[in-house]
Amino acid sequence: MLSTVFRNLVSKPDTVKYPYAAADIPSGNRGRVEWNMDACILCGLCEKRCPTLAVKVDKRSGEITVQVPRCIACGVCIDVCSKDAITMTPEYSKPCYGKEVRSYQKEMKTVSE
Amino acid sequence: MTKTTLIPVGPQHPVFLEPLNISLKLKEETVVGAEINYGFNHRGLEKAMAADFRRTIYMCERICGICSFYHSTAYCQSMESLFKVEVPERARFIRLVMMECQRLTSHTLALGHTAEAMGYESLFMQLFREREALMRLVNDISGNRVHYSINTIGGVRRDIPMEKQKEMLSVLDGLETRFAKLAKVFKDDRTIKERTIGKGVLTKEMAKKYCVVGPVARASGIPEDIRTSYCRDLDFQPIVRDEGDSYARSMVRVDETFQSIQLIRKALTMLPEGPLEVPVKGNPSGEAFIRLEAPRGEVIYYVKAKGTVDLERIKVKTPAFVNVAALSAMVPGCEMPDIPVITVSVDPCICCTER
Amino acid sequence: MATRNDELSPWILHFDTGSCNGCDIEIWSLLTPRYDIERFGMINKGNPKHADILLVTGPVTKKCATRLKTLYDMMPDPKLVVACGDCASTGAPFVGCYNVCGGVDSVIPVDVYVPGCACRPEVLIDGVVMALQKWNEKRTMEEVKA
Amino acid sequence: MELIISIFLWALIPLIVGVMLGLDRIVTARMQGRKGPSVLQSIRDLLKLLGKKGSMVNRSQVAFVYLALALQAIAAFILIIGSDILTAFLLSGAGSFMMVVAALSVRSPYSHLGAHRELVQIMATEPVVMLVVLSMGYASGSFISSNLEGALVLTLPLAVIAMVPTLLIRLEKSPFDIATAHSEIVSGPYVELSGRTLGISKLAHWYELVVMFGIFLLFFSMSDPILDVVVKVIVLVTVVFAIALIDNSTARLTRWRMLRFSLTYCLGAVMLNLVILYLINGGVF
Amino acid sequence: MADTLTTLLVVLLVVAPLIGGLGSLAIFKLSAIRKIVISTAVVLITSVLGLSYLVLSNGAIDYNASDLSSISIIITLLDLVLIFAFICLAYKQKSILAALFAFLQLSALVFIEIGGVGEHGMVIHIDQLSLMMAFITSVIGSIICVYGLRYMEHYEKHGRFFAAMLLFLAAMNGAVFSNSLLWLFFFWELTTLCSYLLIGHTETEQAKRSAITAAEYTLGGGVALIFGIGLSMFYFDTVFIDQIPLGSSLAGLELLPLALMAVAAFTKSAQLPFQKWLLGAMVAPTPVSALLHSATMVNLGVYLLLRLIPNLHGTGFLITTIGMVGLISFLVTAVLAMTQSNAKRVLAYSTISNLGLIIACIGLDTSLALTAAMLLLLFHAISKALLFMSVGVVKEETGSEDIDAMEGLRAKLPLIAAAILIGISMMVLPPFGMFASKWLLSEAVTSLPILALFLVLGFGATLVYYAKWLGQVFTRGKETEVIEKHHTDRVYAFALIATAVIGFMATAGIGPILDGLINPYVSNVFDPTLSVRSLDLVSSLGVFPIMMVIMLAIIIVALVVRSTKLPPVMDVYACGESSEVRTGTFYYWSEERVAHLSQASNIGMYALLFGLLSVIVVLGVVA
């Protein structure tokens, strides 16, 4: 053990600089899911197949809400979306004082009365 | 008159990561009675898993964050046998590689945990430092540090491309050399030997009686390892020791880490080309029974499906379940300071025991 | 972001209320050379009476709920609670499990929710640092009460 | 004038020990390949603890902790003003006694286990240090630290060596961090203390360290004041470094092992030294 | 010949308890006995204070043998009666050993009387040492008797009991005043009788057995004493202690009488290998234990050694061996005390241990050590009385003497807990006298550092067993936990508070005690080296700033406490569980190993004593 200890002592510590420097996140990381509402057709498949019920698709108002602390970044929604409206970024979701809910609004064509 | 001390160890105790409660009866510092209480971690997963079979992949993965991949693999294998599909060879090898990676992270965790329980903080730190390199590697390959989530019924969802294979090999090389040093410490350090040799002995007979599995069984002289059949093409021999004490258990894990590194190397060189998954259609029906060698021993999945989206019943038999029970045979008569070491050397996991 | 609270030295208590171990081990990783939260003076204490921050992992199972409450009550004021991982925040990965009460906030008040399954060490650092920003607030509250 | 300096020094003890412990933490961290906390971290910890109200189990616990602090602080004071080292040591021993009683005064198994381990620790260290102190008195004919002969290390080399494990024990470092072993008995005697009371007990421990290290450093007194300071600082740094090294390359042992080690090797070494000295001085059996 | 007042005081100190004793023997009613005992106590305390004043201002008081020849004859006759009583007793209890010892005593006594005793000397010599002893006996002893009044209410035969108690005090005072060895011998044997009566008071089988064991051991000691007296007649031609030649001039067989007297002292002080009787004596009611351990009996042996200091000083191996016996007793019994669960047994072992320490000091044969010995004797008596009386109350209230049973005493019996705290603090904590003596002794031991090893180990063990006990007394759960409070009786409260106050006063008055009582006696042999200068104890080697310690401690605690409001109450940590927790007790070594240790050390000590005597004889014969 002594040799290891001495080696550690003279070499630079292994500690990352985070949060003072950017986090070292591998490119393959499944971080967070983002919706591209232009492509989305509000079919609701992502809501149906999400294993943790994190997604809500409101077909009426055209809004998709994701409860961030429910999403386990499994990527199932991406797989099932036929329109490729969902993307995954390596960047992870940030902590919050409350339970963060992200919502995406689709431009709805106004239905004339 | 000697009053005994009655002391709850857990559910929250610095040496346990998980909510396990051992109620100890001590005479001075000698254990005269131990009672293991379960149930803190019981979430009722088996019931919840008997639902949409596609969702269950993600749920069974979350039975446990240490050998999550084994759980999803075992589950997917059982579903594949229900669907009567054969996964592509490439997928089988990728699963194998990932499983061995997870065994590496799990064993380094277990060893580090043992070191921490003995108060050998710097060894713990070094082991976790090496583990961190592994974690980054699996993160890059699978997309998550803990729950790889790359299994799917019929194959895997992510490939290990050539450049990642290379990176993997180089990481493993570095790891092997550095880990060899730490392994030597574990083998030879006088204080470690003093704390582990002869402590918490589980004889071969007792081991058989308690049906222990995995490294605990192998450290007690039972050459039981399911990988002998699963890794058939990789020329695998289980590591066995006879002493049955905490030292032997740790040494089995130390040796198995090197073995896993070898297995990964071999698997990567043999990685066949081909598709990653075969499609499955429809709903499963019938029964399936699958065994897999997880880091702590064999995990058994029994799945019964009734032809609908929802499964009828899932039963998981996990290694820690039997190993933890054997603890009650190991601790009486030992000293309080040995309790954490012995407990951790068995590597108890409550989350899959209780699900 | 963390500099202003550097003069603090939060001590940590970790309690697993029924998690899958994923987040627990990520918390342990925090202690180890790569992330080394002792940089911020944080030490894992394992004792509620010494702790300032309670890190909870896992969905709260029915049996753990009372223990969680006991531990929380034992921590001296001012105290902070960080729910680590999706489970602790909402209990989500275990939707439909009969023995799960839900997130930590169903038992004790939570100050910071850290998402992720499992939550990465980086997020955990962010989460704890965010919690620390609440510390001064809580302390002044204490003084007002006294 | 000297008295004023001493009192000033005494008042600064928390600062000095805090920095010393901070350095120790950094060195330990670096040995483990970590970056480690800031130098002032231990002081911050203390300030934070003193600022927290905390909780108590019962009143006697709090009272004994305060008494422990008082005794340790006085012991350190006596040592620093250059008075009787034996008095200082005995007072500090009484302070540890108080800490043990404080830990025993709650009905908590962990606290009791810790206290009993602390008692074994007292049995292991007290005789050694006391014998060391007595041998110092024997070698120089006085217990007044300012009258002690210079460079006692030359006459009592074995005693100096024997004291190092004792310091290790008192610093609660592995392999002898037995009383507070956080992964076994959740910090033992301190388990039921919290907030300010915990801070007070920490402070008491710091003063105790001052007494221990103070006695140790007296072996290296030099007549030249500048040389004196330089030598003492060098010795201190070396010892702390050595202790960090040992801490980082051993697992924790058990209490009987500690007792056996200390009472055979350490006590034996001091005794041997003393006997040799006695024979040289023309003593007879 | 001193004046009438002095004589009156001296006579009162011996005779008042005697009369009181006879009075209580005659009366059966406890209420009357109570009055008698209390008035005797008052008389004793006033007399001893008066005598102190006289001795301190006018110096030692002497009475010549020629003036008191009639009393000498009476004492001789009483002596014969006493020995005859022992013979009857031995016959009744069928103890061959006791009978043998009594016969040996008888023949030696007859032999000495026939040889004729010179009349040119002082039969009574009251100096500072006697005064200190008389003070301990009269004040502490009286308090214990008063305490006994309440304690013995549920026992029977009060008359006999208090007669024996008061007689004990008389015998003690008589013994410490005597300069004639024959007088001393009489009083010595009288204490043996009293202890026999008191230990066997409850008349259970066990009590009887213990009583006869005690009688056997101490009668054996008596034999050693009377043989020593005979030999001293033979070699030095005197029975007066002050006429025995100084130690430095003794050689060869002349050491034998002193060695025998030392053996006698060891039996009385229950040193190894004679400790068994004192442990057996634990079956007696607590006031008896308190009396035996603090105010009387065991002190007598130490007193004899202290008295013989001028004669022992400079005798080389003899005094060193005496010291060794004390030192080994100190260490072994300290270790044994750690393993005991019964509070009285812990105290018994600690008594032997502390007396061993005193004897070790005597053996060190230096000025500082002698000073330490006398200080230890004084403070030990006070704190032991306090502790024993507390244990007695606990026994009465909770029905157990076990340390385990004392858990939570702080809440149940706050006064007793405080008394135990003070008692133990006096034993181990600054600034109390015991602690100061410990410091002194440690400084003294530098003259013979080889002994330091035993000392430091013993001190460690002492800390351990007291910490264990004190901790148990204060162990309790949450502050808010409801615990039934017991009421402490007024008599008990008085006795405890009075003893504690005496302890505090003795500590605060350590300077005057040193100057008035201890240094004058030490100066018989050595230059006193310990003094009190500007409220510090100053020795040749170092300083112990008693007052500074007290003051600083008060200031620091007051400052800190003032700045703190008590934090909220919280239950203990049980890993989040709320199930039952229980704290056990630690005895460190198993019973068998302990038995092993005491057996081995007893054998060793017998060998040591035997070796000592034979070395003296062999060397003497060779020379």
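Which chain is which? They are A, B, C, D and E, in the order written, and residues in each are numbered from 1.
FYI, contacts are C-beta pairs under 8 Å (C-beta built on N, C-alpha and C of every residue); 3 or more make two chains touch, one makes a residue touch a chain.
Source: prediction; values computed, not measured.
Visitor: What chains do chain B and chain C have as common neighbours?
Guide: A, D, E
Visitor: Of the pairs A-C and B-E, which shows more C-beta pairs in contact?
Guide: More contacting C-beta pairs are found at A-C.
Visitor: When the mean CA coordinate of each chain is compared with the mean CA coordinate of the whole protein, which chain is closest?
Guide: D
Visitor: Quick one: point me to the chain whose Cα centre is farthest from that of chain A.
Guide: The most distant chain relative to chain A turns out to be E.
Visitor: In angstrom, rounded to a whole number, how far apart do the mean CA points of chain D and chain E lie?
Guide: The computed centroid separation for chain D versus chain E comes out at 36 Å.
Visitor: For chain A and chain E, let me know how many angstrom lie between their CA-based centres, rounded off.
Guide: Result: the chain centres lie 82 Å from each other.
Visitor: When the centre of a chain is set as the mean of its C-alpha atoms, what distance in Å lies between chain B and chain D?
Guide: Chain B and chain D have C-alpha centres separated by 43 Å.
Visitor: Counting only residues that touch at least 2 other chains, which ones in chain A make the list?
Guide: In chain A, the residues touching two or more other chains are 1, 5, 13-15, 51-52, 72-73.
Visitor: Pull out every residue in chain B that's touching 2 or more other chains.
Guide: 5-7, 11-15, 26, 28, 58-59, 62, 122-123, 125-126, 129, 132, 144, 147, 189
Visitor: Residues of chain D that contact two or more other chains, please.
Guide: If we look for residues of chain D contacting two or more partner chains, we find 29, 31-36, 53-55, 109-110, 112, 116, 182-183, 186, 191-192, 194-195, 248-249.
Visitor: Go through the chains and record each pair that touches.
Guide: After working through each pair, the chains in contact turn out to be A-B, A-C, A-D, B-C, B-D, B-E, C-D, C-E, D-E.
Visitor: For chain D, which residues count as touching chain B in their complex?
Guide: By the definition above, chain D touches chain B via 28, 31-34, 109-110, 112-113, 116, 174-175, 177-178, 181-186, 247-255, 257.
Visitor: Considering the complex alone, what residue numbers of chain D touch chain A?
Guide: Listed in rising order, the residues are 27, 29-36, 245, 248-249.
Visitor: Write out the stretch or stretches of chain B touching chain C in their complex.
Guide: Residue positions touching the partner: 11-15, 17-19, 39-45, 47-48, 51, 58-59, 62-66, 68, 109, 124-126, 128-129, 131-132, 135, 144-147, 349, 351.
Visitor: Applying the document's contact rule, which stretches of chain C touch chain A when the two form their complex?
Guide: Residues in contact with chain A: 1-2, 33-36, 39, 82-83, 86, 89-90, 92-93, 95, 103, 111-117, 120, 122-123, 125-127, 129-130, 134.
Visitor: Spell out the part of chain B that touches chain D in their complex, as residue ranges.
Guide: 5-7, 13-15, 26, 28-29, 115-123, 125-126, 129, 189, 191-192, 194-195, 335-337, 339-340
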